[in-house]
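Per-chain residue numbering starts at 1, and chain names A, B and C are given in the order in which the chains are listed.
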Amino acid sequence: MVLAQALQLVLTPEVLITMVLSGAFGMFVGAMPGLTATMATALLVPVTFFMEPVPAIAAIVTAAAMAIFAGDLPAALLRIPGTPASAAYAEDAWCLTRGGQAANALGALLVFSAIGGTFGTLVLILAAPVLAEVALAFSSFEYFWLVVLGLSCAIFVSPGSVPRGLMSLAIGLAVASVGFDNPAGQPRFTFGSVDLMGGVPFICAMIGLFATAEVFRAVVAPTRLRRAERPDTSGLFRTQWQNIRRYPKQMMRGNILGTLIGALPGAGADIASWISYAVSKRFSKTPERFGKGHVEGLVEAGSSNNAAVSGAWIPALVFGIPGDSITAIVIGVLYIKGMNPGPTVFLEQPQLIYALFIVFLLANLIMLPLGWAAIRLGARMLSVPQNILMPVILLSCVVGAFAITNSLFGVVVMLVFGVIGFAMEELDVPIAPAILGMVLGPMLEKNFVTSMIKADGDLLAFFERPIAAGLGVATILFWLLPAIRWALARRRSAAAV
Amino acid sequence: MGRTGVGSRDLVLGTVCLTMAGALVWMSRDLKAIPGQHYGADTLPNVIAALSAAVGLWMVVSGLRGGADASPGDDELAAMQAEAATLRDPHWARKPASWARLAAAVMLVLAYMALSVPFGFLPAALVTLLGMLLLMGVRPFTALLIAVPAIVATRYAFGDLLLVPLPRTPFLGGW
Amino acid sequence: MFRRQLIAASAAITAALALAAPVAAQTAWPERPIEMIVPWGAGGGTDAVGRIFGQLLQQNLGQPVNVVNRTGGSGVVGHTAIARARPDGYTIGVMTIEIDMMHWQGLTDLTYEDFDILAMVNADPGGLMVEANAPWADAAALRDHIKSNPPGTIKASGTGQGGIWHLNLLGWLLSEDIPVTNVPWVPSEGSVAGLTDMVAGGVQLVPSSLAEGRSLIDAGRVRPLASMSDERQPLFPDTPTLKEATGSDWQLSVWRTIVAPKGMPEDVRAKLVEAIKAAYDSPDYQNFMNERGFGLVWAGPEDATARVAADDARLGEVMKATGLAAQ
């Protein structure tokens, strides 16, 4: 009965057309370097003022989902990740594209994004109230361990030597410590600059480290090949059956972990994606192939990324607690449309909530055809000769960086980090850990300092609450796992002899 | 960097880390803990400094030992594969022309910044994009044919579709 | 040869662009899009108010009003950008109460006097919120508990160190003659983060606006004890004012004002104020604010400036008394 009412609300031409249009809009914004999914949703808000509740929410949810997937596109095609989450697996995706397996890489990202998103939505439908209660039990002590776990992953997944990964992480953390927005509220490393009071704008730095550095590499030593092969993107979906059958465990692990981490308002898709990628590598039979064009990590981290995005709706709908700026925007729109988030919305307006769930599911379905079109279109970009593509990329870096801060400060940051990224790459220092350091640095500091204020400086407090203790032990085990495995292998081989 | 020994590069990177650690400690000497607390604005920088110093020492030691930390065979192989995939000239760093081209690219971004304030987006972007295309060896006429539609499209996409204002060009009626 | 082509092509393009450009004529303000600077990030309350205002101003003025987020440094970056813009009516902005705090902290020389305050369009009173099962029946019981127990038994959160709700707490404690060190402050990213932490058992008190706790109050997880306003709030009719609850005279509201850089032409200013008033009175704005639970308050240029100035003095006193002001 309620379900029929909900279907009636959703399956109207108005809602469906709105979803397709806003989906295309989200895809476009997400694929542009420098434009974020948050920006896509914020731009849609004034438009939705004048819409009915269901199409309004549908527009924003679809645009956000598409924009987050679209961040994977430049990652796979040009090694320029659109979001910190896609930076986890950018290297693998790009290597696959380079090796002529673009269809496999992009297909995996698309299909497993849709699967992860759908899984997260199903969990949201079935278990939202229970999971939201768990999420509410998380305080700074628990988040501290989660952040430490995320940072450990950065080292573990980065290819090459451990000290270089650590060096990159230290650079990222140092950059993150600039600014006024720290727990102590003291201006730090700002050198009297008003712009630096706000810290180093993260997206601008990421554009610089990946995209601008890539342009610089092309400039110093132009490729001798004029025209890159246009990657073959036919049979995008066919190969994915094989991936599902080959990596079912990885897919489910990514789905579950992503949903759970996403449901924590203080964590989010970035941490989920990185932890999943690391888990995938740690339990893989072929960890040595990670980072060199291996699809296994794409399956797990890609599922996890979008499952986390869906999971973020759990605390948002049950308690009105936003996990990131996108859910914050949607909560605002829900209020305006009279669907005040909270436990009561499930009782008072069940048909609206079910309509919302159907919209979430549809958004993940629409992702398949829209993503397919975007991939076909995007792959064309690669057939543009490098000497034309690179200047255009530089221009979009400049414009994108400007759009983030709405001032030339963003362009300055982009340029500086372009040079830093170029130098790091040439010296074989991985860039990915620096990105994670920048994202997680502020969270690490905030959760540590606030925990210590609450516990009056007692470090043992990090093990006193049950969930915190569990996470702490898990983190320490994660560090010790190689040693344990090594010991087990030794004993086994000794037994065999 | 051509293919200098792994060891000497570790030495360089280790020194960078140690310098960074020193700079962090020195710059955070005026930062205080939150009143009445043990920790504050100086906590994170000092933790990073410790991490950086440890990593620096690690790399210096392994550099002096001749790069025993990684398996150079694997690294070298991966690097060669990567170079082959992009068909990059692995010896670019020894050619002064490469450095000149890098400097030119940086200058073109700086030119955009300098020009966009008085003249707005269109002229500034035209200079930067044309310059980059020429730098990459595109013929001038082709470059112009690409650059003009590209910047007009960018301006339209950002300014009118996405409502992200770009610097205005006064003599084109604020377009 | 190439050079000749280049010259020909660039001449053609220049001509085309010149033709495409609208004929520059002396038309009345506004003849091109207006920028509205919001010193806080997309997704927040100030951003939402800025965006709906932008939309409504656009209808009234007939030109696009683009919302531009200039974030960071607890608002210093964005407020500076507004004050330094050219006063031609093409840059306006949303100013928040942080302008009355940052100069006392020594973060900037900028004060409210550097702006032309056109209107106050919203104000939300601070409050006192505790966890639903907390043992204190009312604000007086909470006050007595804080007074009679050793420092640190109760910890509070809701903004960064020295943020507006931190000052709200300190102002209240000062008004009740309680030593401010009795309630340590746990910095958080904002009210929602502080409230979530309180429900998780991390802190005991969040002195932020009740509007920000609305969803958790509705969910029965958070209990409001007092509102720091002179009247009860329409959305929370059962919550007493602080004066009713403990007898304290402390009041604090966070507000949002529409401002412009100083020195606008008089005719442009008059038109702008008129358009802002029309936008405020529109049913769209009134509905939006009511649905979101944001407090509707109108004050014209003079009244708004007076309120901003009064808060500046009040917050300055608190910050000097508690050592948060720069020496």
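Throughout what follows, a residue touches a chain if its C-beta (ideal position, glycine included) is under 8 Å from a C-beta of that chain, and two chains touch if they have at least 3 such contacts.
These figures come from a predicted structure and were not determined experimentally.
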Relative to chain A, which chain has the most distant C-alpha mean position?
-> C
Could you name the chain whose CA centroid falls nearest to the centroid of all protein CA atoms?
-> A
Check: interface with higher C-beta contact count, A-C vs B-C, is A-C
Go ahead and note the Å separation of the Cα centroids belonging to chain A and chain B.
-> 22
Measuring from the mean C-alpha position of chain A to the mean C-alpha position of chain C, what distance in angstrom results?
-> 30
Between the Cα centroids of chain B and chain C the separation in whole angstrom comes to 36
Flagged in chain B as touching 2+ other chains are 34, 37, 163-165
Which residues of chain A are in contact with two or more other chains?
-> 39, 183-184, 406, 449, 453
Enumerate the residues of chain C that touch no fewer than two other chains.
-> 67-68, 161, 184, 187
Interface with chain C, chain A side, in the complex: residues 38-39, 41-42, 45-46, 49, 136-141, 179-181, 183-185, 187, 194-195, 197-199, 201, 265-266, 318-322, 325-326, 328-329, 331-332, 335-338, 340-344, 405-407, 446, 449-450, 453-454, 456
Which bits of chain A are touching chain B when the two form their complex?
-> 29, 35, 39, 43, 95, 98-99, 159-164, 166-167, 169-171, 173-174, 177, 182-184, 186, 188-189, 215-225, 292, 386-388, 390-392, 394-396, 398-399, 402-403, 406, 408, 411-412, 415, 418-419, 422, 426-429, 441, 444-445, 448-449, 452-453, 457
Complex contacts: residues of chain C adjacent to chain B | 2-3, 5-6, 9-10, 13, 17-18, 20-24, 32-33, 35, 64, 66-68, 161, 181, 184, 187, 323
Okay, in this complex, where on chain B does chain C touch?
-> 34-37, 122, 139-141, 144-145, 148, 163-165, 168, 172-175
Given the complex with chain A, which residues does chain B contribute to the contact?
-> 1, 9-10, 12-13, 16-17, 20, 24, 27-28, 31-34, 37-41, 43-45, 48, 51-52, 54-56, 58-59, 62, 69-70, 75, 78-79, 85-89, 92-93, 98-99, 101-102, 104-106, 108-110, 112-113, 116-117, 125, 128-129, 132-133, 135-138, 146, 150-151, 154, 158, 162-166
